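Pasting the structures in now, so scroll down.
In the two assemblies presented below, chain A is common to both, partnered first by chain B and then by chain C.
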Partner chain A sequence: MTSVSDTDAMSWSKDEPAKVRVPWHQRLQPANLLWLFLAGILVVLIIAPMWTLVVSSFTDAKTGGWTLHNYVEAYGKERHITALTNTLKMGAAVVVLKLLFGVPLAWACTRTDMPGRNFVRYSVFGAFIMPPYLAGVGWILLAGPNTGWINKIWHSLTGATEPLVNVFSFGGLVLVTAIGGFFLVFVLVSSAFEMINSEMEDAANILGAGPFKTAMKVTFPLVMPAIIGAALLSFLGAIALYGVPALISIPARYPVVVIQLTEFFSFPLRLEVAAAYSIPLLLITAALLGLQKLILRRKGYVAVSGKGGERRIVKLGRWRWVLFAYCMIVVSLAVIMPLFVLLLAAFSQSWTTGFSLDNFTLSNFHYVLFEHSSSQKALIGSVGLGIAAATVAIVLALFIAYIVQRKLLPFSGVLAFLAVSPYVVPGIVLAIGFYAAYALPPVALYGTYMILALAFITRFLPIAFTTSSAGVRSIHPEMEEAVRILGGGRTTAIRHVVGPLLKRTLAGGWLLIFVPAAQELSTAIFLVGPTTRVVSVVLLDLSEEGELEKLAALGSLLLIIIVAVVALGMRYLGRDFMLRRS
Partner chain B sequence: MKHVFAHMAGIIPALMLAAGLAGAAEMTDSEKQLYEAAKKEGSVTWYVSQTTTEFADGMCNLFEKRYSGVECNVVRASGQVIFQRLVQELQASAVQGDVMSTNDDGQMLQLKEQGALAQYAPENLKDMVPVLRDMADKENYWITSGVSPLVIAYNTKLVTEAEAPKNWSDFTDPKWKGQVAIGHPSFSGSVGLWTILMNDLYGWDFFEKLEKNAPQIGRSVADGHNLVVSGERKVALAPLPLILSDSILKKAPIAVVYPTDGALLPPSATAIMKDAPHPNAARLFENFLLGPEIAEYFAKDYRYPLRAGVPLAEGMRPLDSYTTKSVETSEGIKKLPEIQEKFRDTFGI
Partner chain C sequence: MDGLVLRKLGRRFGAVDAVLDFDLHIKPGEFVSLLGPSGCGKTTTLRMIAGFIDPTSGSIELDGKILSAPSGSVPPEKRGMSMIFQSYAIWPNMTVAENVAFGLNLRKLPADEVKKRVGAVLETVRMSHLADRYPAELSGGQQQRVALARAVVIRPAVLLLDEPLSNLDANLREEMRFEIKRMHDEFKITSVYVTHDQGEAMVTSDRIAVMNNGRLEQIDTPYALYSRPKTRFVASFIGRTNFLSGNRGNSMIDFAGFSVPLGMIGEEVTGGGPITVSIRPQAMKLSATEIAKDKAINLPGSVKQSSFLGETWDYVFQSRDGGLQFRVAAPPADVFPVGAPAWLQIDPAQIVPIAD
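After this line comes the complex of A and B, so read on.
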């Protein structure tokens, strides 16, 4: 793999105006070395663990020789195929739901005069801060078939004995997965809406199109790249999530890929079979990315440049209340209801008893803060890892996105693919790749925070890359060309032009990574060592022991800390990335 | 004031008991030696699936109290998960756990055959209840560190004693449709053994019928217990000590049925890893598990104390007063993979 990077670095010189052969020592310019260095990091973060996986999928566990047997074992059972098709079905349903939640809300908050836009923005952000497995626990409390609050109320109202809603079902799985992730759709689509100026919409109006037709023919097509990108990320995020299926799909008896993978990872460990089982997911990502490219290539989408533009909001009249009602339904499902029951459970001795002073207690908080063996340290570890992973991933992604968008290297598409590819590797598989590559001697990182940090950086590189890439794409090269004309190098252009211009985007990206990294479960579950446990793992253990009240208390503490860091971050960066001009 | 005195009345015997304990727990010479060596190592890491986190933390606290200067780290997960982690570490030659405790002694036999365990006969073995001591490895590769019979739990608010199931096969009665909770044999060690036992008793037909009752499948047995406490499910497979301590100490609406076809008695086993990073602390810890502090701690939490002469908690029935069944260790290892596979095929997960 290093040989590829070498050729990349060499062909970098092709970008120079004069196509003469350059002596080797001149190729070792600081800029070239930087690209080499970046390529090296990508090798460490992505290629080495993935390569280990691919190789092991064709490796005979006993003899070490070449074999296809792992694939036979991975796909030779009907149940294993079912898990795969179930996952695709679930992923598709989640995408639809996330778009139904995210796109109208994004439009409502950025382009209309709907009341309560800031409230909706804050609530959507709340949905993002709440880890999917906590939302899952909230929904178990709400929609457990026999004791869920919704069902209890339904029973007492109607006298029925059958549950009205059951979280342990396909629908429950899809809903809980979607509410944990539609924030990404909201943010990506919102920022696209924000970037469009109204001149094109005005043109449509002048030519006689009404507001609805304008929205359909002009506004939405302009944000299509963002919607497609968001749909893609939503799908990949949904199929790779571990926590929600662990909570819901086992009782729902709806097997999905991540659960099937835990079977391969249980004793006797069949790493090779698991690797084989996860390869099609990688192929699906590649296909989806290709599809996205194909769709977007056919049309020019550069509607955003360094020039300012007027952006006007749509007056909805009485429809604004309809839209508001819809937004309220979405945020209730996603945040208000699960958060409310979760907080209530955190202060309850027994969550089923409901509100009453007798039932009130602070002992759950005392337990998780001072008595539980690992939760206190886990809180610190999670936050520290979140900060480290977000910072490193953003810096790295900015450089890669710049190379890719400006086509500074041949095969930059490969770099883009690499940077996005970790997203589809189910966290557990990524963890095992990392485990195989780095846990053992000579690297021997098992049981350290370093291996978690590296894995988190890799896992969130796609988000960092997507954010940075969208940002770089929105900047017209003319400004950097000005730097180049005046004699500045690429690095100067990045430092003094691209970086500052993207400060807000990058800050947003940082938060987009910090929050999920501080809650990360899917990768952490196999990489935590005895003394490096993170909150998510402790929470999952509590759920497995059925300690929902204590879980709710620890979850609430995690939420409070994340909110505080996010608030600090926003303050330090000067501007609130969610609350744009309104 | 009366209140205070009532409390005092309880405290005084407790104090006397504690004083008696302190006397009984004078350190022996070999213990002192181990302690000194353990202090140099600084800590012990305990991989445990035998108990809940809360209970294991309590045991660790007692250990740290007795042996100040030796830190005790609990790593708790369900049986198969802990085992898998350890096997992973063994393959990586990066063993981090010093001591492991599980409810599936089959795991211990496998580790022993791999040569992963250290041989050790703790001093306190001599004071153990003989029946329990004899359940362990004859060559001292592991000790018995507890017995938590798996029994039937039911919610007392939703089910009367008369209605409650009497034996395991009652779980398949259609009247419990949507009301049974069980664990998963691929996650929980003791559920694995239970699945084998049911198959031995009733054939796979038992699970075909159970499947029609749409049981809620959790990962561990503690999960099912809590589902019954909350009323989400009416009956479940659950470990006896959890049911007793919740119903007596926390007044939770849960009660126990000792199934007439036999409570499953999986002996919990504890072993020291051959490559334990802290071998002396590990020995000190294993010996401590059989000591008087833990015996008292077990008895208080409605577990069977391991030491002879420690009285059972009130409300606990002696082990020989009801039917219990065990799965032979080597038998368990042989049958488990196939049983897990069948379970997955039947329940689809």
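After this line comes the complex of A and C, so read on.
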């Protein structure tokens, strides 16, 4: 496969014959109808919800007239403002921690001779598969102030009565949020490290710089744009995350924006105020993503995106064990410890009793599978929604990407822009938009799987589009032209050439959507109805009821399903498909 | 009219005419090259013939049937042509044999017939032993052979080739040139070959159409194109040449420092006044002394520069009367030091008047 003459392909498609006026009814040709159809879908998925969100933030709930009152109510109370500033503080702290976790691990795994690099890689990958709220539950089990394992061990060792660590604190909130999201830093920064040509470092060495100096003066500056980009994305991920604050920030008495939003959504429902309150989240996200784009476009990045020539591994000597220890600490905090206690709790009658044979039980699994009112249905619902969202998003995105890349329709750039635009919308804000647009009559989709599916499709459309688009771009148009000149139509070309060539890319994209969609919480939180709960929501319910063993069992089941699907994917796609940057 | 006919063909992109007023008649079985500098409209012309681009003026006919016209065109898949692409466009998801069989399967040929023809064509391109390989496991030249086999196996009405050798290294290119020629001699498929390499065009083609700025400059056999260029562009694009400005009198053409009787030059000159002629470096000979021959022009002068190119000397000669400079090719044994006095002989039959 080749993309050598990409520019050639681009220039071909601009062929615009002379403009002529065409009466409107003649414009309703199949091609234009297709454009209208796709644009219609994107309006339903993106424009209508976002438009309704903005409009309702200016709408008086009672009279339906225009008002600024929602903003007054949203920002008039000190508490609400505190939540906003708290969120920003928390976001900043999380960024620092994620970088401290992600960057050294990325460097260690890509550029050094540290032992156990693959183990670290897989563990980081595990952090991606484990939803943040499950890691959060794990950490509640570990560092709950009285019954948490760490504290109990500390008490029995020292006889102290004060807890050693408390997850219900600012620190706990930051730590748990960070371990749930440093995966992204790792992926972005590793791929930047992998792009660096060792000759650049050699050049510094020849001029007399030692390994340390080279790293500081050459290597790190070259990956800086990637680090900054990762930091911005980390910040956005942290401030929009719902699951971890839902578990931690209330007991920690540290209000944040997402929790405040749920308060507006609880009785009495103040949708318009919630809309007004979510606008800053939207604006911050859009602004920071704009900034990130600017940074990535700067010249410095060119060096990194250049041909990934030969890379030399840094020989760390004895320091490799130090680095290894650090990596092990990070992956223990992020994956091993929370996962271990979670699994243990799932098989325990009471997790506070500790590890013994008497305590062993399978009843938690029996309970969540067969007794609990909604968890079985939620499992099926989550997996079903994951499959539906991933499939529809990929098919829709492929359609649009093909049309855009091959410039089959005029103004296809508009379609592309719309398809990636949900990227700037945090999940919880998207949920409010969907609620405002479709939950209530006349559409009245509240309480259906439909509204969840639509919202999930929207949420993951950008990933689907970037994957499909990269896939289509990698197929030289001449591949299809060769089919056509030999007598096959466009559909033959797609069936025999484009389809088979895209299979792997699309399957990879599908998994990249399925995994988060089956766990999705923040988009679901306002959209689930009494009979359409998804696993993530049921897990939160169980945590409010204090049923942590049952929660752990249900969480494990979800993990098992996801791991099984991912394992199947890896067999088919090769092991590294998710660690590559799409 | 039988064969492929382009009639006043034109294609406009925005404000530029990529191709304009292009007239060409390719006879059945003929091999014609489109030759010209980058951006002159070769690919556009070829893709119009293939049906990937619609013309904005003129038409394309095959055996009397209109294929392309501004009002509508037969889509590429209905033209019964085939094409070899610059990127090879070998489908990486199919084996060599599957690639070659694809067009036959689209034509719903019986399986054993497909097998027979695929086997035969792979034999011809010497790829039988690699029939079950995937393209990623082939070298560039082998991929090119697969592309060739895939294109000719359907016995297309017209075979189109867009710079098929430009991604190969020099040796392979030479080899593939002859391969293409051999395939053409074997199957006699009407072929249109796009290239900007004149050597390639000369080896393969029955006739070469030289293009410039979207227009056809001249179409002729390789030899005629070289020895009888009609325009300044063609004369300088094909090989090297010397341009001389002169003035046509009643019976003579006068150049700076010498004159040639009208009857002696290779072509008939019509009309009076200023005239430009082209003289190839090979149409002249340098010698140390004057050799009087009635049919040759002899000019005294001296050698100004010399470079040795291996197979020839490349001299710059300056005439004494008139100070004209000529580039002259000489065999390796004819050594003249720079500054040495010499005589230049010009064969008047090889003086070609050209249009500017």
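Rule of thumb we're sticking to: the second predicted complex is superposed on the first by the 408 of 582 C-alpha atoms of A that agree within 3 Å, B and C clash if a C-alpha of one lies under 4 Å from a C-alpha of the other, contacts with A are read in each partner's own complex, and residues count from 1 in each chain.
As a convention for this text, a contact is a pair of C-beta atoms (placed from the backbone, for glycine too) under 8 Å apart; a residue touches a chain by one contact, two chains touch by 3 or more.
As the structure is a computational prediction, the values presented were derived from the model and not from experiment.
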| item | value |
| --- | --- |
| First, second, both or neither for A:Pro530, with chain B first and chain C second | first |
| First, second, both or neither for A:Ser412, with chain B first and chain C second | neither |
| Contacts of A:Val483 with chain B and chain C, given as first, second, both or neither | second |
| First, second, both or neither for A:Pro500, with chain B first and chain C second | second |
| Chain B versus chain C as contact partner of A:Thr448, first or second or both or neither | neither |
| Chain B versus chain C as contact partner of A:Thr492, first or second or both or neither | second |
| Residue contacts on chain A - larger count, chain B or chain C | B |
| Overlap of the chain B and chain C footprints on chain A, listed as residue numbers | none |
| Touch list for chain A against partner chain B, complex | 79, 82, 144-147, 168, 246, 249-251, 253-255, 259, 262-263, 265-269, 350-352, 367, 371-374, 435, 439-441, 444, 446-447, 529-531, 533, 541-548 |
| Chain B residues touching chain A - in the complex, by the definition given at the top | 45, 47, 52-54, 56-57, 60, 73-78, 80-81, 83-84, 87-89, 91-94, 96-97, 107, 178-179, 184, 186-187, 216-220, 222-227, 229-233, 252, 337, 344-345, 347-349 |
| Chain A - residues contacting chain C, complex | 1-2, 4-5, 14-18, 476, 478-479, 481-489, 492, 496-497, 500-501 |
| Residues on chain C engaged by chain A in the complex (per definition of touch) | 12-14, 50-54, 56, 75-83, 85-87, 89, 91-93, 102-103, 106-107, 150-151, 154, 160 |
